[in-house]
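First subunit A sits with subunit B, and in the next complex the same chain sits with subunit C.
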Partner chain A sequence: MQNETIKQAPLLEARNLTKVYEDGVKALDNLQLTVHPGEIFAMLGGNGAGKTTTINIFLDFIQPTSGNAFINGIDANSDPLEAKKNVAFVSENVQLYPNFTAMQNVDFFVRLGGKSQYKRSDYEDALVRVGLQREAFDKKLKDFSKGMRQKCGIAIAILKDAPAILLDEPTSGLDPKAGKEFTRLVGDLRDEGKAILMSTHDIFRAKEISDHVGILNAGVLVARKTNAELKGVNLEELYVEYMAGYMEEVGEPSALINNLS
Partner chain B sequence: MLSILIQKELKNILLSPKFFATFLVCSILILISIFIGINEYNNSVLQYQTNQQIAQQDIEQATGWMQVRNLLHREPTPMQIFVSGLHFDVGRVSGISSFDDVKLVRSPYSDETLFAIFRFIDFAFIVQVVLSLFAILFTYDAINGERENGTLKLAFSNPVSRVQYLFSKFAGTWLGLIIPLLIPIMIGLLLVIVFGVPVSESDWIRIIGLIGLSILYVTFFIGIGLFISSVTRKSSLSFLLLLVIWISGVLILPRMGVMAAGQIVDIESVAQIEAKQEAFERERWESYSASLSEIWGEREQEMEGMTEEERRAYRDEKEWEWLEVDDAARKQVQSDIIENNRTLLEESQNRKKVQEQLAFNLARISPVSSFRLAAMNLAGTDIDMKSRYEESMRQYKDEFTKFTERKQAESGNSGGFRIEVDSNEGVKLDFGRNDQTLDTSDMPRYSAPVVQAGTSFGNSILDFGLLIVFIIATFGGSFFAFLRYDMR
Partner chain C sequence: MFKLIFIKELKEIIQSSRFTISFAVCSVLIILSFFMGAQNFLASKAQYEAAVQENRNQIAANTEWTMVEHTISLPPQPLSTIVNGISNDIGRNIEMRGRGELRANNTRFNDEPIFAIFRFMDLEFIFGIVLSLFAIIFAYDAINGEKVSGTLKLCFANSVSRATFIGGKLAGSFVGLSVALLIPFLIGCALLPILGIQLSSDEWVRLALIILSGLAYFGLFLALAMGISAMASRPSNSFLIGLVVWIFAVLIVPRASVLISGRLVEVPNVDEITAQKNRYRIQLFNEDRPKMANFSVPDGTEPSEVMSLFSSHMSELSSTRQEKIDAFTERINEEYANKRKRQEEVALGLSRISPTSVFTLASTELAGTSLRLQNRFMDSANEYQNVYSNFMTEKTGQDGGGGFRMIMITSDDQEEPEYLDPNEMPQFEYSRASLGEVTENSLIDIGLLILFNLLFFGGAFVAFLRYDLR
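Up next, the complex of A and B:
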């Protein structure tokens, strides 16, 4: 019974998270979400819905106006250094140091994440796993495509071996093949027991790999469904409905969203 | 964690094209500057020695000690290789005679005007202008550039403290700039040794001080670069701001300080002082004439009613007394005039000192002035170099004048010469000393003023202190700004 409780403890948790910017814009309104080990939570939403704000609060880049963000039970904003030991991050457009090779970049960021026990062979294994070709290992990043940089980013996250992973629109701008490879990798990480919170516009991938999908509208989590609940729902239609409601910014939410809520 | 960050910063800088450019430019400039400086110093020494020999020969060939016109030359210093300061602008030679005041004339640039157009670029100038520019180039995007690139977010998704991160930025950049400074200067110093420049122990201490000062100066520019990069979001804006700060600090503020001091402390021109002296002189002589007329009127009154015979007898009796009175009055006038001239000159010099001091203090609002002034003080090529030399030459002049007077008295020779014109033998010059040269073996020798290294450091301590204050202020500001920096 106790083991089950430990297993169920969320690795990422937003508790009544609210963020009002200095200009008065409410980016998050009382957000509640949890991501447990072995789960992928996909946040869907338009621009300005609050997806990136949520991730920024988890990474302590901004402070919440009220509420808390916990990583592995540690408050990300009151003890950020301790909390960040438990999380890896891959951004929308992974940017590394252009004068460094892939190997040098991976080495730096992995050691920065507190992992100094790795050897070159470990880095190579991780880079092979993410699908980077061997001849690119010792090439400078300035010659890399976005897909190759994203692969390095995910390799860094794998090597950091943190229990939780934050992905900020990680497949944005990737070609279909690279996107598919990326999805496979994220699925593998979930299977290894990582708790993954992913913000994305990509509804197909969200449905394909997520255990939970949440739709954010103007900082409010207006919909939250498990993968099983989404099986009978046309997520594309749902999303378009949602986007239409969001774009109009007036009137009642669509019937479909109401149903989901 | 800190060592990982510093290693990354250093590696990132060492692999960047800007490090290569900095190293190349600094190496070329510093080595060429020292090489030219050594040549210039050797030429100056050669010229100095030749001039000394010519002056010595002139003395020996003089007709007598009263006719000797000694010439003193400013001695070159090895420190001019690194900080030329006012070396090329201050005169190199002054005549020493009882008739003329000491005044250094014929500066290197007044003799060779071509070189004044393309002035000598010394080590201090390279640090002041070139390295400060490179320091800006290294730091303008240190923080906001990483934000723009996205690497700041990735780095701070790890357990990294902001203080450690900023410190690593400073340490990495600092090492990246100190390498292009130290390696060429070390090679340059090796050149100085190889070319046999006589660098004294005191000079080595000054050189070490100069390198330390340069490091402090570069550190300030790293600090200001980090500060501006921490308070701006875009690297293009920080570069623009830093360029404005650099232009203001290096080119405008020091000059504005001097201009403001000129406006605040008014100094009379030489013509104005001379006009004042003449006016006082005229007024005193007129007053003297008036009082003399009055005295003579009183004397006439004393003789009123006397016969011509009695008058003559009275005048003969009083003649010496009256002459003494008149002479005393005249001497008083002369003494007043001399005293007034001296006071006016002293006042002018004092005001000039006040103006100089104010100009320096106002210019010190820019750390560039502190660096420049401290470097010149350390090298001994500062603004006091001229007065230091002229003062020591004046002291020598007194000693030399006494010596020549004594020698003249001993020889009993007027120092003149006789010209004999004979229809058979032609013109014959007789110097009255059997064509022998003057014996100068016991003539007092001039020694250039010596400034101890300790004194030079003492004179620079304010500027060293100011640079440290500027560094603390910029780093304090950087840390404060970065602790509040929005990473997104």
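Up next, the complex of A and C:
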């Protein structure tokens, strides 16, 4: 499958993406990455490495200082409305409208995503697929746990049926069972041909599911490995090695290693 | 997309406990205000009718027109049921005289001073204070609350423009809350005829305009709160800012503008003016004293003619004196009225910075209970004074302006005098402003309400266009 998809045009592409904030902090430095259909690209990195900044640029929440982010070949910052038709997003902590039921929330966000052809049964199928109990469908979100909300978020992303999906630390705070279910779902979506860009701190899950792993440090993509290259490799060691190696290069290794540990 | 966000906002409002509580409170307050207003109006109407009847009885109990003490009364305004304005603060009765200055006395608060402290709870109060605060409570976290909860980011991960989003939110909140508020208003309106308040078609139109102005006022606070929400980073901050703005707009600016205008344009108080007039009157009277003392009759005048000559002499002096007093009073009143008008203009101009003042001015104008009510009553009374004066002159030979009066009874066996017919007394009619007049007079304030809406909506819109969605 990988061999076939790599030949296709990337659905997500960061081209020389640089972001310098007003206070002078360089959040991204000439980032280059591509995610093709049927691929999962996991961005690893510590806090402030630039993972969320990358996702925010793809969603046009911030403008890059230079470079471009493309979704299905459309510049996400010059034509964001058109670009966002091709992407679904699941955030770290999915928060939906607390006074709405799961069904009402799914209905609203799916319609907002441009899909109005669905029936209630389609919503139910999606919610069952993500593992939400049927009795929770018509309950208000304010009574939901984080895991349940996350499942609703994934259901919304599935129903939007966009070719690309952005996941911002999606397993953060989930219990192991929920995390495993989530991984399975993301794998299924990849198998359906979606291009998935995921930011995460979860090294093991990244190795388990991703086709590509990129290690970001201070806005720089310091390493990029394919799943095949990671076979038999201790990713945690590799991660620390790359982070430390890069920091030695730039002159601040000890602080970073302490941070990582 | 707009429709989707609009409906979402409607549903979100209606399903929130915030809405349930405030809707219940507002409904009770609105219906109560209609009910209490109707009761107050009926009480005022009964008082007015009693005063008119008492005046007729007083006339009917007399046999001489010179002995009549005629009083005219301001009929209560039907829409004061809804918007009290100054209707409770101005004098309702005027003791009529054939000449001289008229003064209204006996305000509603004379009878019930407790209401002067706590005031009545009318629609102006409910819109001005309660609903504007509810608008802040509803919309203070409309934008930053969604950001904090994360739904904003999720919404904008889709193909939604900011303009559509803020437009849908504003329209959805406004329609959701306004339609909900219209229900108790309609119940209140339906209660009026049941409670015995009969409004003319003209007054129903005015009432509709008052409610529409109120909704425009509510809408501008909603847009203001949403704008603040799009500028402040956290809901707690926007709530505090909203509250401070509300306090300034609702409580401080209207009062401060009156105080400031008092400083900018000094107007002598009524007591000073009255004292000046009294001093002049006494001065003229003292000047006339020697002339009164020097009254003499030619020798051989019949005793019965002496009284008549004396009356004429005194009447002549009194008329000359009154002409001078009238000229002086007119001049001093004009100066006073000009200064007071200037002060009012400054106060109203300054107060219009606040949307609350603008709404108050518009609603009281439409209800016929604005500052013009007093002037209109006095104008009607002054017009009536001429009619009364002519009538009294015709009946008694004197204009009914008071002064020296002497009645001589020459024998005990005269015919029994007849009692007066009160129907002969010309009727005083207060001329209410027409719908056209009040609409024209309130046009500037209704226009300002619309302008405030556009301004605050524009502010919220621009603030949201620049809003950091992360």
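Keep in mind that, in the parts below, the second predicted complex is superposed on the first by the 232 of 261 C-alpha atoms of A that agree within 3 Å, B and C clash if a C-alpha of one lies under 4 Å from a C-alpha of the other, contacts with A are read in each partner's own complex, and residues count from 1 in each chain.
Keep this in mind: contacts are C-beta pairs under 8 Å (C-beta built on N, C-alpha and C of every residue); 3 or more make two chains touch, one makes a residue touch a chain.
The structure displayed is predicted, hence computed values, not measured ones.
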item: When subunit B and subunit C are modelled together on subunit A, clash or fit; value: clash
item: Touched partner set for A:61, first subunit B, second subunit C, both or neither; value: both
item: First, second, both or neither for A:228, with subunit B first and subunit C second; value: neither
item: Touched partner set for A:111, first subunit B, second subunit C, both or neither; value: both
item: Partner chain in contact with A:88 - subunit B first, subunit C second, else both or neither; value: both
item: Intersection of the subunit A residues that touch subunit B with those that touch subunit C; value: 56, 59-62, 80-82, 84-85, 87-89, 91, 93-97, 99-100, 104, 108-109, 111-114, 153, 156, 160, 166
item: Touch list for subunit A against partner subunit B, complex; value: 56, 59-62, 80-82, 84-85, 87-89, 91, 93-97, 99-100, 104, 108-109, 111-114, 153, 156, 160, 166
item: List of subunit B residues in touch with subunit A within their complex; value: 1, 4-5, 8, 11-12, 15-16, 149-151, 153-161, 486-488
item: Subunit C residues touching subunit A - in the complex, by the definition given at the top; value: 1, 4-5, 8, 11-12, 15-16, 149-151, 153-161, 468-470
item: List of subunit A residues in touch with subunit C within their complex; value: 56, 59-62, 80-82, 84-85, 87-89, 91, 93-100, 104, 108-109, 111-114, 153, 156, 160, 166
